[in-house]
Each structure stands twice: as structure tokens, then as C-alpha cells.
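Below is the structure I would like to discuss, written out as C-alpha cells.
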Amino acid sequence: MPIIEVRNLSRNYEYYRKRPGIEGSLRGLFRREKLIAEAVKDVSFSIEEGELVGFLGPNGAGKTTTLKILSGILFPSAGDVRVLGHIPFRRQATYQKQFALVMGQKNQLWWDLPPRESFVLNKEIYEISDSDFKRSLDEFCELLDIGGILDVPVRKLSLGQRMKCELVTALIHRPKVLFLDEPTIGLDVVAQKNIRDFIKKYNDEKKTTIILTSHYMEDISRLCRRVIIIDLGKIIYDGPLEELVRRYAQHKLLIIYFSAGNVKIQDIERYGEVAAIETEKAVLRISRDRVKETASAVLSSNLPVDDILINEVEIDDVIRAIFSNTAAPRGGNGSLLPK
Amino acid sequence: MKIVTARHGFMLKSARRRGPNRKMMIASGMRKYWVIFKISWQKELEYRFNFFLGRLRNIIVMLLLYYVWYTVTKKSGKFAGYSQIELITYVFGINILRAIIFGAQSKQVASDINDGSFSAYLIMPINHFTRTFSAEFAQRSLSLVTALAEVILFSSFLKVNLIFQRDAAILALFSLSIALASVLYFLFSYAMSLLAFWSREAMGPRFLFDWFLEFASGAYFPIDILSPALASIFGILPFASIMYLPMQIYLGRTGVRGAWQGIALQSVWIVVFFPMVLWVWRRGLNKYTGEGI
Amino acid sequence: MEMIALIKKYIRIWKQLSSLAIGSSWSNRIDSAAYLAGKLIRFGFFLLLIISLFSFTDNLAGYSQYEVILFFLTFNLIDVSAQALFRGIYAFRADIQRGNFDFVLSKPVNPLFYSLSRMTDILDIIFLAPIIVLIVFVMGKLPKPPDTVHVFLYSVLIVAGMIIILGIHIISAGVAIWKIESENFIWLYREAMTIGRFPPEVYSPTVRLFFTFAVPILIAVAFPVKILLYALDWRWMMFTMLYAVAFFGFSLIVWKASLKVYSSASS
């Protein structure tokens, strides 16, 4: 029995368009043009207990909208959604006590006061007993090493410390389901790693079902075995991460800068797949095991090479590659076809 | 703030020698403030609900005061040395003066400082004071148009007669006092906002200042209905010259001589406060940018 | 049984929210003190205006000096209490803009209760003390001092008034959701409230009608005083209480509808 079940979910919303200039403003005072956008289009998926699923997609793809619908904050325009057997937008207390939502860069901690005070507030809201509360708090203090900052006003904490406390606020009532919307955004590398390790450990130990959205490849690759990719409101991939990685992130990018502008594409093509070419720059996609030898081959050839860079393919690039026309052929509804 | 130093003066002189170029330089310099004016005007209209409600708010205060004065003058047609028409003109006149003299842009400065967006002004080739003034000008122009419409609407609706001052000398002095009052208000308001350089907490003191000003400037009631002791104290404070003085001039209650005296007082206050504001600005800027620490 | 447990839960939440609000006020003590000072100045100046008016006349719209002051004090009693208890609404719009309201919706707590109670103002509660003292003092100076029954009725109508004002706050919250640009709606209420500082007879009959029934300010702040002055008959009193209940019900309907709008609009 899946914990999260989504069938044919759709979500539209309206917005207004403003015309530029003073005339536009004056006109806008009395009549404005209403437009409709489809944030989520006919999305279906199901998630079992204990899974840690990554939601990927460019900005505005519909990830946050989907999470909000699962949290009961937004109504679906069409379709069926069930989490833990409940319909989220009914906002029943029994459902709300079993899940938690964390949004990166949005805090629910009180700014001027120590995190402990916000924890106590959640304790009362979620009706946690004093003993459960103490036990959970002690556990989190150890896991996340926040014992020392419990009584420091939130505004004096670093971004990483604040994020840790946000997580504790969300988890203090031991939810069965956790929605994480960009939890590591804006954090430094060390803080990101801490949060990541914590999420992994938490998922391992408590078998909490987690949906995670992120822009960082590291987050996804370290935590998620399964990813769902959303673009323009539709799911274009739902499957194991390995599969995705095998197809796209097994490559590195070889960026060649030329000192002369007369390099022809035929001269470069023999070294590998050309991802982009401009007058004085070419980008090749080479598989990881061959990139070094290709680089030396290019350097020792008679091409007018000025500079050469070897770059990782970012998850954003993976996605961009997926979405661009030069990448894998697509099926009728935009889904990825197997190679 | 531009202090014309000897060096600067020299630059201006040589610019003059360059002829038409100087005009173009000034024109392009001025153009950016015109753009700010346009954008601010648009911003006001963008938040249309906001704007309409802001006006409605002014109307309610105007009506409240109208009714109070109307009620006390119902029987005898006069009150505390004022005729009914004078009091009602006072109330409606204040509504228009508010649009000209009170502005909101200077308050924005405080939040800009506190959230750091003030830094943008330090990098851009733009004078903060002038920029604030241009944006202010836009907002006030819009408010003035609506304030006039409100007064016309309500005076015809309530069938009131207002005093129309015809004496040219008085009108001239009235206009002068309004201009000076605007400058005085702007100085105070700007200075209050600059407190944000020192404290995150700028809203509370602003609230305190605004309400004190509402009464001390005569926006709610003419200062001279207070007991003579209080009236004389408030009379000499700079705040009374922001609203009370111009209205008294308009109503003809000061006469030409009294008007000149009032204007002189306004000027004195401006001369006193201008360097103070400048000083606060410099100190604040130092603190903000970390100089002199 | 379940009801009692629920009430206890909300009392505990209210206590913790208030404690957080007080903590916040304390960390922003300059701001908080300045706000209180501003309110005191406003209070003081209006009182000064009334007293000054009466140095030139002995009658304002048929009321004597202490009667007019009583209207003013009652207005303050209700207004300040509402400010103290329902101040959360003033931060509500900012919360929605920042997306923090989403958190509130995802928790097992009534979002309206939470949003209203988020910022209990301790300084306003302190401000109530001198107001109540002044009211008692002025009651003694009235031309016809009220008996216990009428003081009781006065208190009942004050409660009714609070319920009406609460309704106004709830409607403001609803509108804040509906129109994201509506910064000024709650302030419109604040400005409209100002007409309650003076006795209703100051205004023209049309204005009086409008602010009694359409925007129920006079009914909330002036009626309690009238009953104390033996100027309100029992039928109006009954009407007021019914109106309070009906208006409150209406405000809840508006809130529910707005919540629906929120959950149908993307941020």
C-alpha cells in the first residue's frame, strides 16, 4: 500500500499581465488582462514507505506546487491525491500530525528568540507529551550537535545552524512523511554535507518517507535512489537515479577555447560528441574514462587551442541536456525513450 | 549632499565655458530623476487597492473633523474665535496641504537602510537626497490631484462654503509658506528615517514622531484652541509652522505682517535644522559604511 | 471531554504564543516603547482636544464634558483591547507574502486562531489599566451616576463590541488573503475606528446609520456608553447582541471563503 498516491493531478492558476509605461499603469487601474498558467499537468506517481525520492526540474517546473498540494496548502484543479490514506487538502489534524514540511530559505522559527522557544510552540501545536519532547530534543541535539545553540536568538545563528533548527522544528513530532523543498539552498559546502548526512541517517533509522527537491546534484546523488523529473508541469522521468546517471552524468565536458576563429566542426567531431560550437569555443561531451586522453589528443593536435577545461556535468546540465533537442529523442508525450 | 567647495566651483566655471555641453550634462543628469519620478508614479498606481484605501483614509479623518467643528458651531456659527466657515475651510485646507507637505517616501529610507538595499545608492551615480525627493515629488503630485478632487467632491456634497482667499499678497505668502513647510517637513522626516543607520528599530520611533506631528503641526486642530500657555509653547515649536501657519495665512488671520513673521520663523528653523540633518547624514553614512570605526 | 482537551490545547498554544510575542517585544524594546509612547501621545492629545473644546462650550451634540470623555474612554478600552489581543492580523499580510502562512496551514492548529494570536501586545494590556481607572473615575462624575445593573449591562455590551471588532479583524484577514495588495485594509478599519472617539450624535444621520450598521463601529463602541447614560432602550440592547453574533458568523464565512481562494491560488 503506497504511502503517497497521486493520480492525474493537475493544477492551474490565474495571473494578471501588466502593460509597460505610465499609460499601462493608468489602464491597469481599471481593467487588467487575466491569464491562466498550468503549473502541474496530469501528474501521476506513487511512493512506498521509507523511500527517499528526489524531485528534480528547472525553476517553475511545478515541484513546489506539487509539494504544496501534498501538504494540503493548495487544492488540486483536478486529480486524486492521497497521503497516508488522507486527502491532504481536507487538512485533518490526524493527517497534519503525521507529516512535516520544510522549505529552504523560509523559516518558521521566531527571529528574535532562541530556537528552543519555537520548538516548545510546535510541541503544543502537535500535542507532544513532555517526555516525548525531551527525548526527541535530546536525540536531535546529539545527531545535529545543536545543544549549544538552543538558547541563542535565531537571528544570531549562521544559515547552516538555522537550517538545522528548522529541521528539528519540523521533526520534533516524529512525522511519518517529510517534504523537503530545497533544504540546502544557500548553505556552504560543509553545512550542506551535515544536513545531507542527517537526512540520510534519519531516513535509514526511522524509515520516514521523504520527498526532496533540490538543485544540487550532490544532494540527489547521495540521498535518492529514485528520482522524478518534472518539466513544465509534466513528469518526464520517474525511475532509478542510476539509470539517469548512467545515461547522462557518465560524461564530462571538455571545453576548448581557440585562438583562431576558423575551426570547422569536422575537425573536432572526431574527438567526441560536440555539444556546442562557437567561433572560438567548442564544448565536447566525452565519457569519463576517455576524457583525459581526448584532452591530450586535442592539445597535441594541430588545432589552434588556446585553453582547455574539463568540467563536471551539473544536474542542471543533465536536465538541460534532457530538455534540449540535441539530447535523447523523446516520446509523444515528452517522456524519455530508452536508448 | 553637494557642498560646493572651491574645487567644485572651479569645475562649474569651466563647465560654463564649455557652453552647450554644460546644458547637456545637466539635462542627462536631470533625466534620471525624471525617470525615477515616472517609475514612482507607476508604482503608486500599481498597488491600486493600496492607493485607493490610502485616500479613503484621508477622507475619513477629514469628515470626522468636519463634523466635530460643524457640531460645535451649529448654534452660534462661531467657536473659539473662529467662524464656522473658517473652521471648515481649515479642515478641508489641511487635507490638501497634507498631500503637498506630508510625504511617504522619506519613510522608505529607513527600511532601505535597515534591509541593506540602501547600499545600491552608494554604488550608483545618484544623489540619495535628490533621488528621494524626486520619488517623493511623484507621489505627492498624485496625492495632490486626488486631494483636490476630494475637497471639491465633499464640499459640494455637504453643501459647505469654503473661504476663497483673493488677496494676491496673502496668496503669494501662503504659497511661500507651503514651500518652506514642505522643506521643513522633509528635513524632519528624512532625519527621523536616518535614525535607521543606528537602530534596527525604526518603525516605533517613526510612529511616535508621526502622531506627535499630527497634533503639533495643527493637522487635527488649530493650535490656538488650546489654553494660552500650551498654545504659545506649540506656537514657537517648528512643527506648528508645517500646517498651522500656512492655514492661518490662507484664512487671513495673520495678515501680511503676521505672515512675514511666520515665514521668517520657518526660515530660521530650516537654517537651524539643515546643517543638523547634514551632520546626521554624514555620521550615519560613516557608521553604515564602517568608516571611522 | 474532547472539547475540554481541545480548549486546554488552545490555551497552552495561546500562552506559548504570547510568551514568544513578549520575548520579541523585549528584544525590540525601543520600538515597543516608542509605539506605546506614540499611543499615549495620541490618547493625551485627543483628551486635550476634548477638554479644550469644553473650555468654550458646555455641550457637544447634547452631551456634557464627562459624558463625551466617557465615549472617548470606552472607545479606547475596546480599541486597545482589540489591539492587544488580535494584533497578529497586522503581521498577517507580510506572512502571506513571505510564504510563511503555508507553514501555518500545514500544522494541526486552526490557522485563524494562530494568525490572530501571534502577536499579543503586552504593552497594550498594560495601557488598559489606566484606561479602566479613568473610566471608573469618570463614571462617578456623570450627571446621572449609573447603578450596578447598568454597569453590568455596559460590560455585556462591551463584550458584544469586542466580538464585533473581532469580526472586523477576521474579515480583514480574509481580505488580506484575497487581495495581495491590500496593505491598507486593516488600516482602513483603524482609521474608520477613529470616528468612534466622539459621540455618534456629532455626525449626520446618514453617517451615523452607515457606521452603525454597514461598518459596525458605533454599535460596538458607542452603544455600551449609551446604555450607561440611560439613553438606550432594551430593544436596542437585544439587537446589538444579536448583531454581534450574526456579524461574527458572517466574518467566519468570509474567512473560510478566503482560505479557499488561497488554496486555489499559487504563490
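Note that the chains are named A, B and C in the order they appear, and that numbering of residues resets to 1 at the start of each chain.
The rule is short, and it goes like this: a contact is a pair of C-beta atoms (placed from the backbone, for glycine too) under 8 Å apart; a residue touches a chain by one contact, two chains touch by 3 or more.
The structure presented is a predicted model; accordingly, all values stated were derived computationally and were not measured.
Peer 1: Taking each chain's centre as the average of its Cα atoms, which is closest to the average over all protein Cα atoms shown?
Peer 2: Central chain is C.
Peer 1: Ranked by contacting C-beta pairs, which pair of chains comes out on top?
Peer 2: B-C
Peer 1: Which chain maximises the distance between its CA centroid and that of chain B?
Peer 2: Comparing chain centres, A lies farthest from chain B.
Peer 1: Once you find the CA centre of chain A and the CA centre of chain B, what distance in Å lies between them?
Peer 2: 50
Peer 1: Can you check how far apart chain B and chain C are, centre to centre, with Cα atoms defining each centre and the answer in Å?
Peer 2: Distance between chain centres: 32 Å.
Peer 1: Could you state the distance in Å from the CA-based centre of chain A to that of chain C?
Peer 2: 45
Peer 1: Mind pulling the chain C residues that touch 2 or more other chains?
Peer 2: 28
Peer 1: At which residue positions does chain A touch at least two other chains?
Peer 2: In chain A, no residue touches at least two other chains, as defined above.
Peer 1: Check each residue of chain B and list the ones that touch at least two other chains.
Peer 2: 48
Peer 1: Across the complex, what residues on chain C touch chain B?
Peer 2: 28, 30-35, 37-39, 41-42, 45, 48-49, 52-53, 55-57, 60-61, 179, 181-185, 187-188, 191-192, 194-195, 197-198, 201-204, 207
Peer 1: Spell out the residues on chain C that touch chain A in their complex, using ranges where they run on.
Peer 2: By the definition above, chain C touches chain A via 9, 12-13, 16-17, 19-20, 23-24, 27-28, 98-100, 102-103, 105-109, 260, 263-266.
Peer 1: Could you pull out which chain A residues touch chain C in their complex?
Peer 2: My answer: residues 11, 13-14, 39, 65, 68, 71-75, 89, 91, 93, 96-97, 99-101, 103, 106-108, 110-113, 117-118, 120-122, 124-127, 153.
Peer 1: Using the touch rule from the top, collect the residues of chain B that touch chain C in their complex.
Peer 2: So the residues of chain B in touch with chain C come to 47-50, 53-54, 56-57, 60-61, 63-64, 67-68, 71-72, 79-80, 199-212, 214-215, 220-221, 225-227, 230.
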